[in-house]
Structure formats: C-alpha cells, structure tokens
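Below you'll find a set of structures to go through.
After this come two complexes, each holding subunit A, first together with subunit B and then together with subunit C.
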Partner chain A sequence: MFYLPPIDILIQILINGILFGAMYGIAAIGLSLIFGTMQIIFIAQGAMIVLAAYGTFWLFHFFSMDPYLSIIVIFPVSVIFGLGLYQVLFRRVARAGKFPSLLIAFGLMVLLENLMSVLFTPNPRSVRASYTAYGISALGLKISFTRLMAFIMAILATTGVSLFLKKTLIGKAVRAASENLESATLVGITPHRVNSVTFGIGIGLAGLAGIATATTYSFDPYFGFVFSLKAMIALALGGMGSVVGALMGGVLLGVLESYGSFFLTGGWADVISYAAFMLVLMFRPEGLFVRSSDSEKP
Partner chain B sequence: MANPLLRVSDLNVFYGDAQALWDIGFYVDEGAVYSIIGSNGAGKSTVLRALSGLVRPASGRVEFLGSRVEGKGADVMVDLGISLVPEGRGLFTSLTVLENLELGAFTKRARPKRAKTLEWVNELFPIIEARKDQQAGKMSGGEQQMVAIGRALMSRPKLLMLDEPSLGLAPLIVKTVFEIIRTLNEQKVTILLVEQNIHQALKIADRALVLKTGRTTMTGKGDELLADPEIQKAYMGTLRKGT
Partner chain C sequence: MKKKTQIGLLVLVTALFAAVPLILDSEKSYYVYFLFMAFTFIALSQSWNLVAGYTGQISLGLHAFFGLGAYVIAIGWGQEIIGFFDPLGMILSGLIPAILAVVVGIPLLSKLRGDYFALGTLGLGEILRLVFIQGGALTGGSAGLMLPSSSYTSMLPYYFIALFLAVFATVVTYLMVQSSLGWALKAVRDDETAAAANGINILKYKVLAFAVGAFMAGLCGSLQAYYLFHIHPQNFFGLNWTLYPILMCVLGGVGSITGPVIGAIFLTAIFELSKILLPEIHPIFSGLLIVLTVIFLPDGIVRLGWFEKFFKGRKTESPINLKLFTGKEK
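Entry: the complex of A and B
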C-alpha cells in the first residue's frame, strides 16, 4: 500500500534533500570546470574531497580548530595543491590527448584511497563539534546547522566561481578555452595556464566540499568514489559548462535521493539517481538547466 | 635589400604520414598584401596553420622580423605579432562581442594598449561597438567575420593572416570584407591572405603564390598572375571572370 505522509514531512524531506544536494553541487562545479578545459572527467575529485575532509578532521583533532575556521587553511592549500597537481601530473600528458589524463586521474584516485587507508586507517571518522547535532527549528521544521552551513558554502562558492568566470580576464579565458581551445591559443591563451587555473579552482572547491563532508557525514578513505559518481550525475543533470546548472543538478539529485530513500529504501535511492542520470543523458544530453540555445556549438 | 617582414623557406608539413606541404618558400614585405591562392585542398590553410603555430612544420625555416620562429606554439606566435583569423572565424560564440575583443588583447604585449586598440577597432567596425554586449554567436556571418578580424587586430599584429575571410558570405558582404582588407592595408597592416575567391585575392595582392596539391606552381605580382592565361584557364574559367 502506498502511504502519503503529511505535508510537513514532505517539506522536511525536500529541505534535507536540497541541503544535502548542494554538496554534490560544489563537487560538480569543480568537475565541470576541469572538464571544460581538459575534456576529462576528473574521477579523483571525490578522493580530493575526502583528503580535505581528513585535513579538517586532523586540524580539529590536533589543534581544536573549528571546522568552519579551517576554511582559511583548507581552501588556499587545496587551490595550491590543485595548481601543483596539474603541473606535476598532467602538464606533460595534456598534449597527448584525453585518455592518458583520464588514466592518471584514475590512478591518482586509487593511490590516494590506499594512501589514506594506510596513513589514517580505514576507520570511519567524523568531526564532532559542539554544534554538530544542533538543529534550527522554524515553522515546525528542523534544519541541521551543519547542513545549512554546507548549503551556504555551496551558494557562496557558486557565486564566487560565476563572478570569477564572468568578470576577470583569466576567467573569460577559461570560458573561451572551454568553448574553443584552438581559437584560445590563437589569441595567446596558453592551454597549460587555463588548465592549471581550472585545476586550482576545482580542487579548491573539493576543499570546501571536504569541510562540508567532515561536518555532516562520517567518512572513510573509500568514500570519495561514490562522491565522484554523484558529482558526475549532478553534472549530467545540470549540464556541462554551466556553473549554476551544476549546483542545480546537485540539488536536484539530493532531492531525488532524499525522496527515494524515504519512500523506498536507501538502495533504491541509488537506483533512482543512476536511472535519472541515464535518462537525462539519453533524452537531454545538454542538461536540464541549460537553455538549448546556450549549449549550441558551431 | 631590406629584410622582408616574413620569410618562409623550404617549409614541409605533414599530417601524420601524409605530406601536406612540399618545400614552400615565399616572403612578405612589410606593408604588403600577399595572397595564397589555389583550389580546395591545395594546402593554403595549412600554410597559415603552420605559420600561426597551430601545426608544427616538419622542416624548413620561418623568419619573422629577422628571427627564427618555426615550431613555436600559437600562443607565442601571436605575442610575437603573427595573428590568424582562422577559417570559419573561430569566435567564442557563447561570449559577448566585447569579451571576444578583450581576449583578443590577451597577450602581454597587447594588454596594456587594450583600451586604445579597442577605440581603433570600434572606428574600423562601427557595427561592433553598437552590438558589443550581444552574444557573438548570435550575429550574422558578415558581422561575425568583422568581430573575428577585430579580435585579431586587438593583439596588435605586425602580420595579419586571414583564412578564407569571404567564405560563406553574401556577395555584397564579400565586397565589404575586401574593402576592410584594403583599409587595413592603407593603415600599414601587413596582410597574408588565403582565398578561394581568386579574382579578388589577386586584385588586392602585391604578390601572390599559387598552390597546387601542396606545391608551389607559380609566384609573382598580383596583377601579372591575374592576367596570366593559365591561371585564368585553371582557376577562373570564363563564367567567373567578372566576380
């Protein structure tokens, strides 16, 4: 028998899903940027998020640093790590085409997972601050403080990246290179430069997602792969190359999963999200939130 | 004799195993218009792609302003002063017209002069200024060609290379495009032009080179080649004489 719960519960699930999904959104924006210039799915994005989550965890554990304060450490370190990662691992093979880059990203993911497992043990960790279990009650709804913070971080990150791409010259160069790499080099944009910028921002966003993860979930070294997959689904739902679309895709995925696991079970929630992923790719490959005229390529 | 702006000698280019250009050599004097003509697939675009750094030549010399530049990347070439308007224009269609132009001045050399160059480009193409906030992909073909030329000019080129600028445009617009080329040349921009519109390309050129399946078949002054009976027979025919 199908059971329809009262409306306030439905709204509560909706809000949980939105807050939850915003995190997928941050990860998806990073994937989208890197995909734009390098044409690869950076499959190690999830492992980067987990690495940043460990960073948050250890800063909290050893220095009692508040997870939200640790943004001032985690974010810049992640950006620099991303820039370095491109220079060391990808610069050399970027010219050889996408396939070697994709393999390196895959190798990096497996390496990081195992490295974290050896160094940090495979035991699940989570950051338990004084406010971790705190919830804000309003209009009969209960909103988790840490999830709300994750959502706010996602909104700020999306706004920041959008402004960067729209207002700065290097941001415009990233958009130009994503659309037409050959023309971009003809005006003097060095592909390595835009690639390392997108890596810097992409991994920087992974840093933010890591903080959000550490405060809301318990995580282990292998948690990242599923996160990468979810970010990929969010990206497919939202549309490649659109920052706001990626966030919306993440939110939509969060809502889908949230209702899926309430009405069915957790396992079914995954089935639903992967099915949605394939259906969208089949029938609307440009994404749900991209106006078709914007996705037109010459 | 003064050194030419660009001197190309024994240029050989391969696409994989297939040789696309065989021992191409020519020179372009400062302030000149030089045309490369030939039929479809003769290798005209390949010459420009090699000179712009998009394709790495297998052998040969390219001297620009007296120094060797062959084998350098496209991002370096444009900073040195060689700018290509590619076939099909290659605009950033999702960006606005103004953003396209701003990126045209991306190089270190051009960036400080951006505001001034933009004034010049706006003067040359008033239509661009009027539609600067429009998405470049939403403009007509002729307007897009002007934005593409404007974007290349933003880099302050010493040599402007145009690959089939008249391709796919209505006859009236083609005329405008050639008028623009003439205006630019009067303003001391050196131009290397690749065209299938052979009559126009030879009329405007100081010197020209005829390519056939990757090899040079003729070089000479534009008007001499225009009057050459063989060229008339091979490339223009009687019907197209008046175009």
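Entry: the complex of A and C
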C-alpha cells in the first residue's frame, strides 16, 4: 500500500514541485503587492493570468510569435491594462473601504471568465512550440525546459520587484503606503497613484505568469479561478506583504502538491493544499516565513 | 405604529404570493417556477445579508453550506434515513451546515481580519466540493447522486416550501436585527474595537450570525436537492450560489430587510429573461452587473431617493445609520 520510493524519484518530485510552484509564486507576488496597498485580495488575478495566456496563445497562433519573445508585448500591455483597470473600476470605490473593491474584483473575475468563454470558446488551449516537450537531463534527473524557464522568470520577476520597491522613489512610496497609508499620505504620497502603480505591476506579473502558464499547461477560460485560489494559498503560506515570502509560499505549495499527487491520487492532492491553506489561515495567519514581530500591520 | 404596518405589509405580500397558485396553473406556468427560484434566492440573499450586511463579515462560502445541505438530503435519502420532504431531514440539512459554520467560524473569525475570512470561506467551498467528488460510493463521486425522481407529484409543495423559506429567512433576519442582538451585530460591523470596548463578545456574535446564515443556506440546498433529484458536485458547489445572492443583496441594498427581497426578485427576473433571450452570453451579465452595481449603486435600490420617498409612510428610518459601503466616516 504505502511504500517509500527510491531517493532519486523523491528528488525528481521535489524539483518538479519547486519549478511548478514558482508559477504560483509569480501570481502570489502580484496579489501581495495589491494587498499591501489596497488591503484587498484581488480574486480576479487568475482570470488576468488566463487572459495573458490567451494573449500568448493568439500571438503564437496568428503571428507565430515565440512565447518567450511575446513578453515584450504581453508585459507592457498588462501593465497598462492594470493601470487602466484601477482608474476605471477601483478609483471610485477605493476610498469607501475594501468591501466594494473585493466585490468588484469578484465581479470582474466572473465577467472575464465568461467573456473569454464566449469569445474564445471553452475548449482547452495550449501553446505547442518546438521545445515544449524538450527536457534537460542532468545527474539522472529530467527537467522540463518550459518549467525551468517559468522558474527563471519567477526568480527574475521577484528580483525585479524587490529592486523596484527598494531602489526607486515610487517603489519606496508603495512600501510606505502599505506600511501605513495615513502617515504616507501625510508626507505627500498620493494613495491613488500608489494604488494604480501596484495594480500596474500586479497585472504585469499576471502577464508573466500567463506566459509561463501558456507554455506549460493547457488552459481554458475557467482555469483562472483555481489559479487565483492557489496564488492565495501561496500568499497565505508565505505571509502577506512580503515579496520573497510570496515566492517561497508558491514554491512550498508546489512541493506540497507535487508530493501529494505522487502519494495520493490527484484529487486528494488539492484537498491537502486547501487544508494546509485553512490551517495556516486559522493558526498562523501572518504566514510561515514571517517573524511574528513584523507581522502586525496597521 | 410603524412596526405594525411593516408586519401587515409582510403578511399581505406573503398572502398575495400564497394565492398565486390559485390563479396560475402551477404545473404548467413558467411564473410559478420563476417565483420558486426567486423565493430560494430571497432566502439565500437574506442569509448573506445577515452575515455581511449586518455583521460586516464578507462570506464567499454560501455555496459550501448550500451544497452541504443538498448532500445531507441526498446521502440521507440514499441510506434510507431521510424521506421525501422529510421535515426532520430538512432541519438536519440546516443544522449540519450550521455546525460546520461554528467549527470553521471560530478559528476563522477569531484570528482573522475580514479579507482572510472571505478567503477562508471561499476555500471551504472548494474543499467541500473536492471532498464530495472524492467521497466514493457514499457521495457518488464526480457524477453525483441520483434520487428517485418518481417521487415528484406536483409543483405546489415546492412553491409553498420555497415561499416559507423566504418568509422564514426574512422574519429571522428581521427579528435578529430588531432585538438587542441586532445592535450588537451592527456594532461589530461598524467598529469592532469600540464594540469590544463596550463589552460585546465580538467572536460570539460573528459566529452566531455566520451559523444562522449557514442554517438558511443549508435549508435552501435541501429544497433544491428535492427539486432537481440529481445532486451534482459541480452544480451544487458552484460559485453561482454565492455570486447571485451577493449580487442580489448589493443591488437591492445591503443591510436592509427589504433590499435582498427586491434584489432577488428583480435579478431572478433578469437572469431568467436573459436565459431565454440571450442563451449564449447571459453569464457575462452577472459579472458585469456586479461591477456596475458596486460602482454606480453601492447603496442599493432601497436607498435611492425616490424609493425612500415612496415608502416613507411605511418604512421606519433607514435600517442602518451608517451606510456600509459609502464609508463616509473616514
């Protein structure tokens, strides 16, 4: 019934999980940024990822554009889309507290899912480039090329966002606003500007995650909801408001799922990740990688 | 006394709806089906209204309790413990979700701020859906459970039970809100710290509202289970059972007794019409409507100027003093 597989298989599963989880990480960083300033969980993040995945798919389908090359289109468009999204939908209600924003995000998710289902049909799609099935073999382990690329993108995105938050003036403003909005406003930081910047980056990251998704998974319009949930789980594991924590939460979730689906059947693996999510929410809502001293946020 | 007119209005509306099957042929008329669905949604909306509108906790897990209630009936019937329209079974289908709400609610509501609660309840729905898919022979797996549909005799009992549920949910919400309990709930919603400072046990009231809401949602689930005879995890744990009631509450007016009723009837009509007229794209509307409603009509129909004017004689002062969504105090 229960047996311990050889060690190289265990390591292989670990690597798969880490590579897999990096994608949850990218999505979770976006959620974390938006949560930091707006105090809402942007539930529509998964739908945005799927939208970007469709973008990658159509660019590949019609213009034979390489999925990784399409970053130069998808990322800027996503950032602009995010900025616009804030200005059109959230700006009016941002001051009224977080519940209207939460409801709008929920409505947006349903709207996008169904819109994509009508426009693009609910059939599953995937990008099949020449290297999709290609794998790198090293030390008796096999590493999927597309997943490795997704992992590298996640590392680069995390580094980029961390640098942006630490080095640039607007990045510092974002950090100040997520620490204490009122004091930040007092020193002249405009909440709307900070919010729209985080939305821009958040949706931009969703664009990157979309490219990673399109190259590794087959996806359909309703795939995003589960992705949103997974990103939230990653965020809960890693701790809200920490960029590196979000990535680590994603990786941890990926490993958990990877081992879960090896030892149990696929369906139960999801139950385990949701159960881990609930347990963390219940008993350690500040996240696993955050010291409890700096977890208290105003 | 204004309270008397309110009760009079409730009795009058209930009597009018109860008389509908006398005029329309309940077995053939589409309107009877429409009202049946509208009543179910009124009960579900009141459930969400109590938790979110009056207690300020945004729950995204209505479908978890709804589906659980349906499965209580389906499994109970399959094991020959619960019969067709078994009152005891229906009460059980409300109690089990309520117990789950207490078990999940205590840790979720004690440590967490609002958005974590929203996430946790959303996760709860997903967990239950997956558990029931994996449940094997007992839950019928991903194909769900089929009940003996030969038990169906007439639409009338469904209609009256749905009407009863709608009135029950409305009256329970009304009584809870009117009592001193209601003041405690609203105090928790408006300022948690101040409520705690005034000696209100915040957790107790939050969990209580959450459990009562779960009880109502479970009852609605059991009625749908009796109506559809096929309890399917994707359908009964579908997100629409959370999305639609939220939409109905927000459109009608969160934190008011009449709001969810108006919102539920109005939106059920819109959804049914769009199902007939625009069968392909009607799900888009529900998403679009929720976005537009929150942006342009966040206080709901019941707080529109003309509406309040029209009902001035019959309405007491606005059910909540501090409008939930405008957040004017900050």
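As a working rule, the second predicted complex is superposed on the first by the 295 of 298 C-alpha atoms of A that agree within 3 Å, B and C clash if a C-alpha of one lies under 4 Å from a C-alpha of the other, contacts with A are read in each partner's own complex, and residues count from 1 in each chain.
The rule is short, and it goes like this: contacts are C-beta pairs under 8 Å (C-beta built on N, C-alpha and C of every residue); 3 or more make two chains touch, one makes a residue touch a chain.
The shown structure was predicted, so the numbers you read here are calculated from the model rather than taken from an experiment.
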{"item": "First (subunit B), second (subunit C), both or neither touched by A:Leu169", "value": "first"}
{"item": "Contacts of A:Gly188 with subunit B and subunit C, given as first, second, both or neither", "value": "first"}
{"item": "Dominant contact partner of subunit A by residue count, subunit C or subunit B", "value": "C"}
{"item": "Partner chain(s) touched by A:Glu179 [first = subunit B, second = subunit C, both, neither]", "value": "first"}
{"item": "Touched partner set for A:Gly107, first subunit B, second subunit C, both or neither", "value": "second"}
{"item": "First, second, both or neither for A:Phe62, with subunit B first and subunit C second", "value": "neither"}
{"item": "Overlapping contact positions on subunit A, where the subunit C interface meets the subunit B interface", "value": "none"}
{"item": "In the complex with subunit A, residue positions of subunit C that touch it", "value": "52, 58, 60, 104, 107-108, 111-112, 114-116, 118-120, 122-124, 126-127, 130-131, 133-134, 239, 243, 246-247, 250, 280-281, 283-284, 286-291, 294-295, 298, 324-327, 330"}
{"item": "Subunit A - residues contacting subunit C, complex", "value": "35, 39-41, 43, 89, 92-93, 95-100, 102-104, 106-115, 117-118, 225, 229, 232-233, 236, 265, 267-268, 270-271, 274-275, 277-278, 281-283, 285"}
{"item": "Residues of subunit B defined as touching subunit A within the complex", "value": "52-54, 73-75, 78-79, 83-84, 86, 88, 90-95, 99, 102-104, 106-107, 110, 137, 151-152, 154-155"}
{"item": "Residue ranges of subunit A touching subunit B (in the complex, touch as defined)", "value": "169, 172-173, 175-176, 179-180, 182-191, 294, 296-298"}
